[in-house]
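In what comes next, chain A is part of two complexes: it sits with chain B in the first one and with chain C in the second one.
The block that comes next holds the complex of A and B.
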């Protein structure tokens, strides 16, 4: 599945200082679906090169990191269970630094 | 791609027409982008009116760092000033600490804001005011105490810049999350005098340049959502690790996830603390050397500068009694435990935007 991932507010520093990543993520073999939960663990293993604890806490993103799916607050589209679709844009912005 | 396609069936709880794009942390309402911009702006307007922050004809400087808070503040204030006829003369005021890479970029953002919003910009630099850039200071003192310098110098630099602009007030972009964090830190430090003061929406009304915080009740999350349509520069001061504050910040965000209302609750509890009469507040005088307000013979900035210029950069930071005579000390009641009295006084003070 082709997705665009954007990292802001300093999170880009965790993935080689690249803000925008065009990625291809394989959906779940059984049902052919990809949830935000799946994507998070994919990002953690495949994209984050250092200090994963700055991105994740437990199996979620750290509190203080905003997640937008196609410009929509992830709390509105179903949180971890949001089902992603081809060409979706997912944005992660840390609010933990700076003003 | 259709916006908010997954929020099937749900419509904005304000206009009932468009798909919601955001869940307001304060109210848990699900609202669309257009309604969000409108309620965001009107809430700031209400805070300004209810707290009588401005009077018609006043000259107001926005402390502009190029970051999201001050960028949104400058934009919203100039909008509201036009829309509601505040009759204010607005200016942007920036401090150039002399940090290569960090300030260069963020000052570029402020310069773009100057043009976009049509607000005159004044930049004051550490180099001009103090003879030292932050880069030069760090070369001498290392990274450990640099935020002491950053914090003290920036506060004073803003006051001096405001005086040069002849403004009546300075507004800063401190938001509700910042304030909740500062309340917690002041509780953790046992700093009762600062605890009640840090929740005031306006401070320094008796001094030369009052400061106010129109974003006192505004959630950081909403400021992010708002400035998605604005131009801004995002980074943390590269000289600012400040782990202690970082923990407080993370704690606040943890609480917010469980119960968004927590941020406003913490601010309210800060407001409700009262200073007991036995806690002495410092008498304010002026610095013998530079005339800045100070409760001591020399203001903090002059003590720190003297250390730098004499090659004793630890002056003003060190543990010795002699060295602290220039630093403002709020508790001289003699009731402090010994460990507290001997702790380095300025060391844990953050650089950054909270102690303006």
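The block that comes next holds the complex of A and C.
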């Protein structure tokens, strides 16, 4: 499944300072679906090159990270169980506190 | 003889009385001076304590047209009045509004300047910082002449120079849970222009408890974020972030840097949101977040979750009162200080593995064979470095550990003695991490310089640049 992943608010530093990744992720063999839960574990193993604890906590993102699917908070579209579709854009953004 | 003694005695007494009378007069003078000072302080305090009166004091004796604006206001704000969506009503709403801006830094500078220019009736500015030279590249409200002075004074002076017809209240103190209710209660709208995580939770909670809309902006590096919290049923900061992030994830402008114009852009947009909330026009960013990426010139506006029914602060069953707010430990909750300046001092390695910058200078003077590894990132090393030091960034140390060995061997070969290994960084935290790593990987005698380059500049070489 072709997806665009974006990392912001400093999270790009965890994946070699690249903000936008065009990726091809294989859906589940059994049902042909890909959920955000699946994507998170794929990102952790395939994209995050250092300090994975700065991205994940348990099986979710660490506190202070917003996950957006097609510019919409994942809490509004089903959280971990959100089913992704071809050409979806998933943004991971860490909140900033500076000023 | 007796008489003489008495005579002398009375002269002494008279002299003594006169002296005491003079003392009394001086004491009375001091008392009345102190009383006057107390009265003046109370007046200032009372002025600050008063609900921020806006509209009436702006009008203050001026003839008012039937639409509620003075001729001066009509001329000054004419370009606002010409906007069909804004007009007289919008302008009067601004004049009747009071807005508290927390932080007179990179975000606060444009916020305060625009709010003052556009005729907000009363603006309060809270900050306890003083203006520093390294603020000026982004905190555009402050001029060089105010370096070393209170930011609040500098910002208020700039506003008065632009618009003498509005009320400005200077809160030259840090906003804390203990004083926030009192200060925030006097304003209609709050703008969060702070630079740290505990303040963000504290200000959001305070706005929930006091039921004020909050315009929240943040900027770091080349990115910015902006939203409106607790407005028209929208979420608060805790709805989005019920659990604070780990401290390692909280970058600071003083560590990570910030391009001056980035907080400027976000601050301008904060001023715009504040003006929209105050005037009642348009659609605010409540329930949405604007994400600005300066490097790629991209602005993304995303839809956020709504108010959380389970929210600790604003949820349906939240038991969060003014009392609980005042006793909440925000620094403990977030494990980080309410100041961009306060820095945690790491104590990772034993004292025997550390030397002071003065001791390091002594060993240079003794010409002790050694190498100095500077573990800061390469772009820091380019800013300034101790001569002869070798840059191996901490993140690359594991991969390049063989370099350390070859440098040591080189020095040992040239000097005919074994060479010692010292490590330095900016402030003395990363150097400890490096020594810890080195000691476990074949360099048990590695030592770091306590306090890093900052202490080198302070204690050894005053001409060494600090940043």
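To be clear about the criterion, the second predicted complex is superposed on the first by the 95 of 99 C-alpha atoms of A that agree within 3 Å, B and C clash if a C-alpha of one lies under 4 Å from a C-alpha of the other, contacts with A are read in each partner's own complex, and residues count from 1 in each chain.
By our rule, a contact is a pair of C-beta atoms (placed from the backbone, for glycine too) under 8 Å apart; a residue touches a chain by one contact, two chains touch by 3 or more.
Just so you know, these numbers come straight off a predicted model, no measurement behind them.
Q: Using the superposition on chain A, tell me whether chain B and chain C clash or fit.
A: In the arrangement built by aligning on chain A, the partners chain C and chain B clash.
Q: With the two complexes superposed on chain A, say which partner A:63 touches: chain B (first), chain C (second), both, or neither.
A: both
Q: Is A:78 contacted by the first partner chain B, the second partner chain C, both or neither?
A: The first partner, chain B, only.
Q: Which of the two partners, first being chain B and second being chain C, lies in contact with A:88: first, second, both, or neither?
A: So A:88 only meets chain B here.
Q: Quick one: is A:54 in contact with chain B, with chain C, with both, or with neither? Answer first, second, both or neither.
A: Second partner only, chain C.
Q: So in the superposed three-chain picture, is A:25 touching just chain B, just chain C, both, or none of them (first/second/both/neither)?
A: neither
Q: Counting clashing C-alpha atoms after the superposition, which of 80-88, 296-304 or 332-340 on chain B is the one that bumps into chain C?
A: Among 80-88, 296-304 or 332-340, only one stretch of chain B overlaps chain C, namely 80-88.
Q: Which chain A residues contact chain B in one complex and chain C in the other?
A: In chain A, residues 8-10, 62-64, 66, 71-73, 75-76, 93, 95-99 are touched by chain B and also by chain C.
Q: Contact residues on chain C for chain A in the complex?
A: My answer: residues 103, 105-108, 193-197, 200, 217-221, 223-225, 240-246, 248-253, 256, 258, 263, 289, 291, 293, 296, 300-306, 340, 395.
Q: Which bits of chain A are touching chain C when the two form their complex?
A: My answer: residues 8-10, 19, 50-51, 53-54, 62-66, 68, 71-73, 75-76, 91, 93-99.
Q: Can you tell me which positions in chain B touch chain A when the two form their complex?
A: Going by the criterion above, the answer is residues 1, 3-7, 10, 19-23, 30, 33, 65, 67-70, 173-175, 177-178, 220-221, 224-225, 234-237, 246, 249-250, 253-254, 256-257, 352-353.
Q: Could you list, by residue number, the parts of chain A that touch chain B in their complex?
A: 8-10, 62-64, 66, 69-73, 75-78, 82-83, 87-89, 93, 95-99
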